[in-house]
Structure formats: structure tokens, C-alpha cells
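Heads up, the next two complexes both have subunit A, just with different partners, subunit B and then subunit C.
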Partner chain A sequence: MEILIALVRILIYPGLLFVAVGGLLLAGIDRILVAKMQRRVGPPLVQPFYDFFKLMGKETIIPHHANRTAYLAAPVIAVVSLAVTMLFIPLGGFSAVSGTADLIVVLYLLTIPAVCVIVGGSASGSPYAGVGISREMVAMMSYELPLVMVLLAVAKKVGSLSLQAIVAYQFQNGCMLFHWSMIPAAIALLLVIPGEAGVQPFDLAEAETEICEGTLAEYSGAPLGMFELNHAMKIFVLTALFTALFLGGIDTGIVPLNVVITFVICGVLVWLCCSLPHAICARLRIERLFKFYWTIVAGLAALSLVLAWFGL
Partner chain B sequence: MFNGLYIHFPVLAVMVLFLGAFLVVIFGTHAKNLRRVIAITAATISFALIYALIKPVMLDGEVISYWMGNWEPISGYALGIGYEIDGLNLFFALLVEATILLSGLYSLRYMERDDYLDRYYTLYLMLSGAVLGLVLTGDLFNMFVMIEIMTFAAVALTAFRNWTAGALEASFKYLVVGSAGSSFVLAGTILIYAQCHTLNMAQISSMLCGSQGLTPTTLLAFGLLFTGYGVKSYIVPFHPTAADAYTAAPTSVSMLFSGMVNKAGVYAMIRMAYVIFQAMGIPAVQTLLVLIGTVTMFVGVTMALAQHDFKRLLAFHSISQIGYVITAIGLGTALGLTSGLFHAMNHTLFKGLLFLCAGAVLYSTGTTSLDKLGGLSKKMPKTTILFLIGAFSISGLPPFNGFASKWMIYQSTYAKAMETNNIGFAFVTIVALVVSVMTLASFIKVTQSVFFGQVTPAAANAKEVPFAMRLPMWIMAIACVLGGVFYDKVLVWLLNPAASAALNVTNYIDKMMGDGYAATAGVQNIEAHGATLSFWNPVMWLILFVVVFFAVGLVVVFGKGTRGKVLEESEGQEIEAKYDSFFGGEKALPSHLGGSDLFWGFKHNWKGYFHFMQRMHSGVVNDYALWAVVGGAFVILYTFVFLR
Partner chain C sequence: MFNKLIENSTAKSPWLYHMNTGSCNGCDIEIVAALTPHFDAERFGCKLAGTPRHADIILITGPVTEQSKDRLIRTLEQVPEPYVVMAVGSCPNSCNVFKDSYSVAGPLEKYCHVDVSVSGCACKPEAIMLGVVKATEILKEKRRAMKK
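Right after this comes the complex of A and B.
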């Protein structure tokens, strides 16, 4: 029975199916919003679903120089690990799995999709992917520092590394966003989300115009579809993480309603940290990206950490 | 039937290894197979003897004390050499034995193309025996003797392939800096002997911490011993020789170095700081260890990012991971010590695995240069999988063992930060987390440039290594996965006994010197505030594994994929030396070409730091000796300023 429940959690709610559908919906919202800001009509809301299913039916070409196993396994592992990450994030106040220091578990699980993109691209043996890998890795090193600091700042404020405890604290003391000392950390996390999800202006690893989709240059068919899904899911997981960390205190008393509210907040966050920068910013250079994250964003996060340390 | 017999096991385990060394010299000079048989038999017997002690020591919580020649203490003074095995020794002895046996198995095929193998096996057994003796002994001077044997065997083994570039140079550097370290240890031991008139560690512990307290002499001894053991565990600033030695030595020996030689240094530091001086309750000592550990992990990993030789890169990662261990044990909490020990164990497993992978690459291609290799995943698919397991473990990706121990380390540093309200420990947590990401990045570089990509000329004729070489790698890879999934079992069976043994000093003294000895000397156990640790359900992980394997298997087996065709014009053509645009390391550092370096975006922003580091790692032995002396001076100065 325990096994059955665990399987349902991983595969359906709040795991794979839920995150996949939610992520693709958010991707659809994002595309519509970008289109509106660019004065286009934009695709229908369910366009990402069409794209995904179409790709699943297309022929998969494995490049001559590719390592077949790693090439095919990478997208699958990325998707599964994102589904698992969602188990740790409290949705509407409750997470499916909780532990003492699951904040760090989430941090590590969030690196796996990036690693999968890198390994997959690397396994494809393409020089374009090689350049993409280089950028993806430096980008990873860039956003990881502020992300770590944000998480630790929140943990210090609450006094625990457990996400469940963080949400419980917010039920008691109001949302983290309304504690003024945490506002810099929230802004930092908002800036980390586009970097982690790889949307413009931080999409160096997949820069279509320069390096032909970079890490994904050789991908086609179902594996490419999986990577697109991975991208959509990642945005959902990250925005849900933001909601849990900074807006976790919203409680109507009804859990499903809480989940719906969370999803709406995720939609707003997608507009704020994906659509808006996408529509108004041009792509950064890699060393500028690194500098941006290690100075401005890390500085904001450090400010919150120090403030939290002095009990503010 | 064997009741009580096991108290002889530790000393026999050490003797068997030394005996094997002499037998190889006597009988193995010409008999090719006989010397292999002797070496493996000695290693296996020793392995069995030590692993048989898990039950009494780890599970039943016994402490074995053994007096050589039955020279028991007379009226409270220890005269003879004693072996004392508690959970802490045994934990390290288990690591040492596993390393010895696996490295021995690997050597059988790996070293078959070399000459003078009798000398190799002799030195290998000498090194093994010395490290095992160092870990098991309860006598401070005996420890020094073992350190000397260890250093000289290690120096000779470093130079074993003395026709390769840099082997003699590396061994000379090792000799100079290693001797400096041994001298520090000797000086410290002498001072202790002058102060306490005994060399038994249990008795010294009772004297230093009981009635006398720390006098200026013992403080100086603390500084000297700390430096000496620090040199043996290659913490910054004693690390540059390690990088050279690991690179130059045959890979099975590099595995011995990273798997047990530097663990012996770590063990000696734990034994000294926790038991002999009982200094871990003092905040200044904690700060010293955590500071050095943090610097070590950061310097190690940033230097590793700049490397373009497989083994040298692994060597710098060894240094970096030891930094984690030192940081964790320096916290002085039960959780910190446990996580440090866990990471030491995991480091032995995954770094051994990675070194053996590097050895396999060297065996089948003849080079470890990242610039020349490429596309080996098609030629050596099994090694590739093994390497990926090792790389994910060291980078701390769940669910491998590196994740479990790093996760505990972050928890312990952050718990310490919240407990003491000291923002410095939060900074340490941040550094540790960022270093982990950099570790990941640097292993992706190896994956990309050695195993994936297009096949380079150097790799064109590579073949998968024989099964006898893959066997030890598989054992370690499986241990990496099991250690990550069932880490709660590891915690209960191995780590908790080891950590509580280190904290239970009175028991250590009483078992050696007679009951009640500690109480009369006024020794008390260290108060360690351990945060309680709860686990998540490993069943969850198992299910996850099944799901992932099922999904991946489904895709890989049934995923229909057509192989892309090679374009007409490139067929038959010699492929260019990869896309030589984005590889490079230290030598490419000053280049302004963005594309020539995988980490350009990172290094560009840190160019001051990297230029400084490049200047510091000059390769000149005088500089390295100077570093060692300056490091020693710093530690002694620190001891006198903050510990008085």
C-alpha cells in the first residue's frame, strides 16, 4: 500500500502528471503574454500541448557520434527528477514528502535537470552543443550562489532547513514577502528563476541565433519533446518554490483551493520573471551573466541573510 | 570457538602485510605469479581479519586493547607499545583495508606491462602495512614510525614509473615536504614525551586534560602535531606536492594515496584533536579547523577547474573533498563528526573509483591528457558508466552516497551557525554548496572531453579494459549507490559507533589503562551538542529508482531512433583533433580567446585569483617547502594567540 501511494505521488499528484500539465499550461500562458507584449495575437493556450504531442510522434534521429544510452536517458531523468522535486515543495500548505533539511534536497534535485541537459548535449557529440555546455555550466555556477543564499536566508529567518517548517512559520507569522528584511531575497530569487529556467535574457546555452539551440542542437523527436516538457516543468517547479518560500502563508482552509491559488500565483510569477524579461531584454554575454549574478543578485541575497542574522 | 581470539586480529593484520612485503622480496623476484599470489593473499587475509572485527567493535561496542609482548602498564604508567581499537580506528581501518584489497586486485592487470614488479608489490605492501599500523596503534611514537615508513614507501611508489615525465620530480617534492611534515610530527611527539614521560595515547590524554591542563609546551606540541598531520592529509597550504604525486604515480597507487594515505592524516587529526588534546570543545580550535577546511575545499576545486590532465584534476578534487571532511570534523558537534566520517568514507569509494577510471583510460589509450582524449564512450562503454557513477557521487547528486554525506555536512554547518549565531558558519555553508556545484562543473568537463564527443586519434584504438580491472571498479560503484540509498544503515552500523568512540574519551582511557583511571585523572567526556537527524524514507528512493530505470529502459530499448548518417565529405577523412576551440587549463589561462576555455565566463571574472594561484603553484620545491613552513608557523602562532 505504501508503495502504491508513493507511486501515485510520483506519477500523478503532485508528481509527473500534475507538474507536466501545470508546466505546459504555464508555458502556454507565457507564450500568450509575450505575444501580447509584442503586439502579436499569439498561439492558443494549449499550443505547448500540441507541440509536445507532435514531437512525441516524430522520428528520433541519433547522431552518428552520439552515445545512444546517455543521449536517450538524459531527457527522461531530467523529467523524472523534476517530478520528484515537486514532491518536496509544499503546495497549498502541504508537501508529499518532508524531512529535516529538504531545502538542500530541493537545491540538489534542481541541479539534475541542468546536468541532464549538459550530459545529453555532450553525448550528442555536436560542437554546437559543446559551446552550449560551456555556457550552461558557467550559468549554473552563476545562479547557484544567489540561490543558496536566498534559501539560507529564509532558513535562518525560520530557524529550520525544512520546507514544511517554513510554510508552517508563514501560517503563523504571515507571508515571508511581507517581512521587509526578506524582500531583497525575494527579488534575488525572482532574478534567479529566469536564469535557472534558461529564458531570455539568460538563455545563452540555447541561443538559437548564435549556436543553433546549443545543447539541444542535435535533438529531435521524442527526446526533444521531453526536453521541452522539462523546460516547462522547471518553470512551474521554480515558481511553486517561490510561492512556498515567500507566499506560503496564504490559507483559505481548503487545500484544493489553496493549490488553485498557488497556481494562479505561479502564473503571475511567470509573467514577472519569464514573459516580461523575455519581451524587453536582449541576451547577455556569459561573463556579464556571471558578474550580474555574483554581484547584484548575490548582494541582494546576502543583504537578506545578514538582516536575518541580526534578527530583523 | 573463537571467543576472545579476535583481540589478536589487529596486530596480525598489520603483520601479515609486512610479512607479505618481505616474502615478495625473497621469493617473488623471478616468479611472476608467485608474487601476485603472495601480495593478494596477504591483502585478503588482512582484509578478512579487520572486517571480522565489525561485529565485536562496531556492533557490540567493545574496545580492544592489546599490549605487545604483554607489557601491561605498571602502577599506572604505560611502558610497552599498545594497540587500541575503538570504533574510530576500526572505521578508518575498514577504509584502509578496502582500498588495499581493491587496489591490489586492480594492480594485477594494470601493472602487468611494467618491469620490476617485485619492487612494486613490496612497496605496495609496505605502504599498506604502514597505513594500517598508523591507524590501529595506540602509541604516539609508533605512529611516527609508521608515518615514516608510509612516507618513504609512498615516495618510492611515486617514482615507480621513473621514465615518465615528472615522476622523479614529483617524488622529490613529496620527499622534501613529506619529511618536513614528519619532522613536525617528531618534534611534537618529543615535546609530549618530555612533558608526560609516556608515549601511550590514552595515558597522554588523561594527563593533558586531567590534572595538568594545557601548558605552553603542550600548546606548542599541539601546533606541531597539527601541522605534521596536516601535511599528511594534504590540506592547504601543504597540498601542491599531492597534486604532483597523484599525477605521477601509477594509478593504482594514486588510489592508495587518496583512499588511505590522506585518510590516515585525517584520522590522526581527529585522534589528536578529539582524544589526545580533547581540544574540540574550544571554539578557537573549531575555528582553525573550519577555516583551514573551507580554504582547502575552495582552493582545491578552483585549481581543479583549471586542469587539463585527468589525474591531476582528480588530485585537486581529492584535496577539495578532504577540505569538506576537515570542515565537518572541525565543527566539534556529533553531527559534524559523523558527517565528516561519512564523507571520508564516501571519498574513499568514489575517488578510488574515479582514479581507477582514469587508470583504465591510461591503460587503453596511453594518455590522461584531456586535450588529446575524446569519444571514449563508444570504445569503453562500461568504463563510461562507471565513471558517470563516480562523477555523480562526488558532485553530490541524489541518490548517490556523496549527496547523503554532503547533505549532512551542510546540515551540521548550518545547525552550528544557528546554534552559535555566528554568521561565519553560514558563510562556510555557502562556500561548501558553491564548491559542490563547481565540482559538478569540473566533472562535466571531464565527461565532455574524455568520454563524449568525437573520437580523437589518441582514442581511436582504445579497447575496453579487462574484467579483472573492472571488477574493483564495479564493487566501488555499487557501494556508492548503496551507501546513498541505505545511508541510515551505514549510519547505524559504522558511523555512529565511530563518532561516539571519538567523543567517549574516558572509555578510551579506561580500556587501555584500567578502569577508573580516567576518573582519577579528572578527565571528562567532551560535551558535544548534536542536532538530531531524521531520515526520509529510503523506500521512497527505491521506488524512484525503479521508476527511473523503468522509464529509461523503456526509452532506450524501445525508443526507435535512426542513426544519423555521416556526411559524404567527412567520410574517410581523419577527424580533426576535436573541436580544439574549448579545451584548456592552466596554460590557456592567460589567453583572451573566449572560446578556448570551457570555463571562460567564470575565469574571466576571477582572473586575478587564477593568476595568483598559477604563480603560487610554481612547481618549485623550494616554494612548496616554504609554504609548509609558513603554514606551520601560522598554526603555531594561532595556537599561542587564541588558545592560551
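Right after this comes the complex of A and C.
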């Protein structure tokens, strides 16, 4: 029975199916919002589902120079690692797995999808992917530092590295967002989300107009569909993480209602940190991206960390 | 049921790959116009793909020149099945005013099967959109045929 519950948790509710459907819905919401901001009609809400299923039905071409195993395994590992990440994040005050140092596990699990993109891209043996990989590596280095500092600031404030403890702290002392010392960290995390998810101003690794989709240049069919799914899931996982860290204190007493409220907040966050920059910003150059993350965003996160250190 | 889902999705998510085989740039501008907010091809799920590996519909503009002939054949070989070739403008159909030029190796039918052909010099964005919608139906049929 315990195994059955564990399987349901991994495959259906906070795990794979829930994250996939939620992520694709959020990606659809993002595309509609961008369209509205550009005064267009825009695609239907379920457009990402159409894209995903279409790619599942396309022929999968494996290039002659590609390393077959790494090329096919990379997208699957990326999707699995994101589904596992969701097990640690408390949705509506409930997480499937909880330990004493969740935050460190989440941090490592969030790195895996980016590493998978790098591995898959390099396995495809395309020169365009080569350029994409180098950009993805720099981008990863840029947003990892502020992300670590944000997580440390929150952990220092609460005095625990457990996400469950962070949410419990917020139930008692109000949302982390309303503690003034944590506001810079919240802004920093909001700026990290588009970089981590690779949306418009920070999508250098997949710049389709310059380097032909970069890391994904050689991918087609089902593996490409997995990478699209991976992108959508990443948005959901990151916004859910933000909700848990900074807006964890929302409780109506009913778990399904909490989950719905969390999802609505995720939708608002998608508007704020994916659609809005996508609609108003042009793509940055890689050294600008690096400078932006290591000065402004890291500075904001460091400010919160210092304030939390002094017990404010 | 899963098969049916994939078939319907194939018709609703055509990703376009634009290839210029010696066009005068007129039709290229009209294709871009079809993607702008005024005409909004994203209503039908269209997206401009950066590489032929992601494409469902290949838009080809221009009479096929001697220089672009080999590239055209190589590009079409890289597109995963099912895909649709769409000729945009009069040039790929008949070579238009470039007919009998020493540098033109067209028309397009010599090198591949053309599924949809939009005429006009340059063709209207509305006509391109109609062509894309027709192409999605052919795409769906091709997917069905591929399964059998």
C-alpha cells in the first residue's frame, strides 16, 4: 500500500502528470498573455498540448555524428528531475517528500535540466548546438549565484533549510514577502525565474534567429517534445518554488483549494516574470546577461542575506 | 485514441520553416507580414522554426537558382516526416520573370513534390494564411497515411 501511494505521488499528483499538465497550461497562459500584450488574438490555451502531441507523432531523426545514448537520454532525465523536484516543493502546505535540508536538494535538482540541455546539445554534434552550449553554460553560471543567495537568505531568516519548516514559519509569522528585509530577495528570485526558464530576454542558448535554436538545433520528434515539456515544467516548478518561499502563508484549511490558489498565483507570476519581459524586452547579449545577474540580481539577493544575517 | 489525438494536434500546430531559393525578397516580406500582429498566424498555432528539424511546413520562395538547388535538396532531406512543401509566390511555380535565365534551375516541381502553391507576385498575406490552413489538412492526411 505504501508503495502504491509512493507511485501515485511520483507519477500523478505532485509528480509527473500534475507538473506536466500544470506546466503546459502555464505555458499556454504565457503565450496568450504575450499575444494580448501585442494586440493579437493569440493561440488557444491548449496550444502547448497540441505542440507536444504533434512532436510525439513526428519522425525522430538521430544525426550521423550524434552519440545515440546521451542524445536520447538527456531529455528524459531532464523531465524526470523536474518531476522529482516538485515532490519537495510544498503546494498548499503539503509536500510529498520532506527532509531536513530540502533546499539543497532542490537546488541540485534544478541544475540537472540545464545540464541535460548541455549534454544533449553536445551529443548532437552540431556546430550551432556548440555555440548554444557555451551560452547555456555562461547563463547557468550567472543565475546560479543569485539563486543560491536567495535560498540562503530565506533559510537564514527561518533558521532552517527545510521547505516544510519555511512554510510552517510563514503560517505563524505571515508571508515572507511582507517581511521588508526579504523583499529584495523576492525581486531577485523573480528575475532569476526567466533566466532559469530561458524565456525571451534570456533565451540566448535557444536563439532561433541567430543560431538556429542553438542547443536544440538537431532535435526532432519525441525528444524535442520532451524538451518543450521540460521548458513548460520548469516554469511551473520555479513559480511554485517562489510561492512556497515567499507566499507560503496562504491557508484556507482545504488542501485542493490551496492548490488552486497556488496555481492562480503561479499564473500571475508567469505574467510578471515570463510574459512581461518577453513582450517588452529584446534578447540580451551574453556578457550583458552575466553582468546583469552578477551585479543587480546578486546585489539584491546579497542585501537580503546581510539583513537576514543581522536578524532583521 | 492516442493516435487520433496526435492526428488532431498535427493539424493544429504547424511550425513553419522559411527557405529563400533566390527570391527577390517580396514574398519573404509578405510571409513576415502574415506573422505580424495584424494577421497573426499564431491563431492557428503557427510558429517560425529556426531549423528544418523542427519544421512541419516548408515555405519556399523564389525560382530555384543554380546556387540554391543543392541546398534546397539537402534541406528537404533533413525535415522529419510528415511535412508539407508549400510554394509561396509565382516564382517557384513558373520561374516568373526569371524564366530561361542562365542562373535559374527551377521550377520547384523538378526537385520535390509541391503540396500547396500560393500564387501572386508578391502574394498577399491573406493568401499565405489560406495556404497554411490548407497545408495543415494535407499534413493531417500525411500523418494518417504514415501510420498505415
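Assorted remarks:
One rule holds in what follows: the second predicted complex is superposed on the first by the 312 of 312 C-alpha atoms of A that agree within 3 Å, B and C clash if a C-alpha of one lies under 4 Å from a C-alpha of the other, contacts with A are read in each partner's own complex, and residues count from 1 in each chain.
The definition used in the following text is that a contact is a pair of C-beta atoms (placed from the backbone, for glycine too) under 8 Å apart; a residue touches a chain by one contact, two chains touch by 3 or more.
Treat the numbers as computed from the prediction; the structure is a model and nothing was measured.
For the composite obtained by overlaying on subunit A, subunit B and subunit C can both be accommodated side by side without a clash. When the two structures are aligned on the shared chain, A:47 is found in touch with subunit C, with no touch to subunit B.
In the superposition on chain A, A:133 makes contact with subunit B only, while subunit C stays out of contact range. Contact with subunit B, but none with subunit C, is seen for A:80 once the two complexes are overlaid on the shared chain. In the superposition on chain A, contact of A:159 is made with subunit B only, not with subunit C. In the superposition on chain A, contact is made by A:212 with subunit C only, not with subunit B.
Set against each other, subunit B and subunit C differ in how many residues of subunit A they touch, and the higher count belongs to B. Residue contacts after overlaying the shared chain place A:60 against subunit B and subunit C alike. When the two complexes are laid on top of each other via chain A, the two nearest Cα atoms from subunit B and subunit C are 7 angstrom apart. Shared interface residues of subunit A (contacting subunit B in one complex, subunit C in the other): 59-61, 218, 221. Across the interface of their complex, subunit B is touched by residues 2-3, 6-7, 10-11, 59-70, 72-73, 76-77, 80, 84, 97-102, 104-105, 107-109, 111-112, 115, 118-119, 122-123, 125, 127, 130-131, 133-135, 137-142, 144-145, 148-149, 152, 155-156, 159, 161, 218, 221-223, 286-287, 289-291, 294, 305-306, 309 of subunit A. On the subunit B side of its complex with subunit A, the touching residues are 375, 377-378, 381, 384, 388, 392, 395-398, 403, 407, 410-411, 414, 417-418, 421, 423, 426, 429-430, 433-434, 437-438, 440-441, 444-445, 447-448, 451-455, 533-537, 539-540, 543-544, 547-548, 551-552, 555-556, 559-566, 579, 581-582, 594-595, 598-602, 604-605. Listing the residues of subunit A that touch subunit C in their complex gives 31, 35, 38-44, 47, 49-54, 56-61, 128, 208-209, 211-213, 216-221, 224. Touching subunit A in their complex are the following residues of subunit C: 5-10, 12-13, 37, 40, 42-45, 47-51, 53-54, 56, 78, 80-82, 143.
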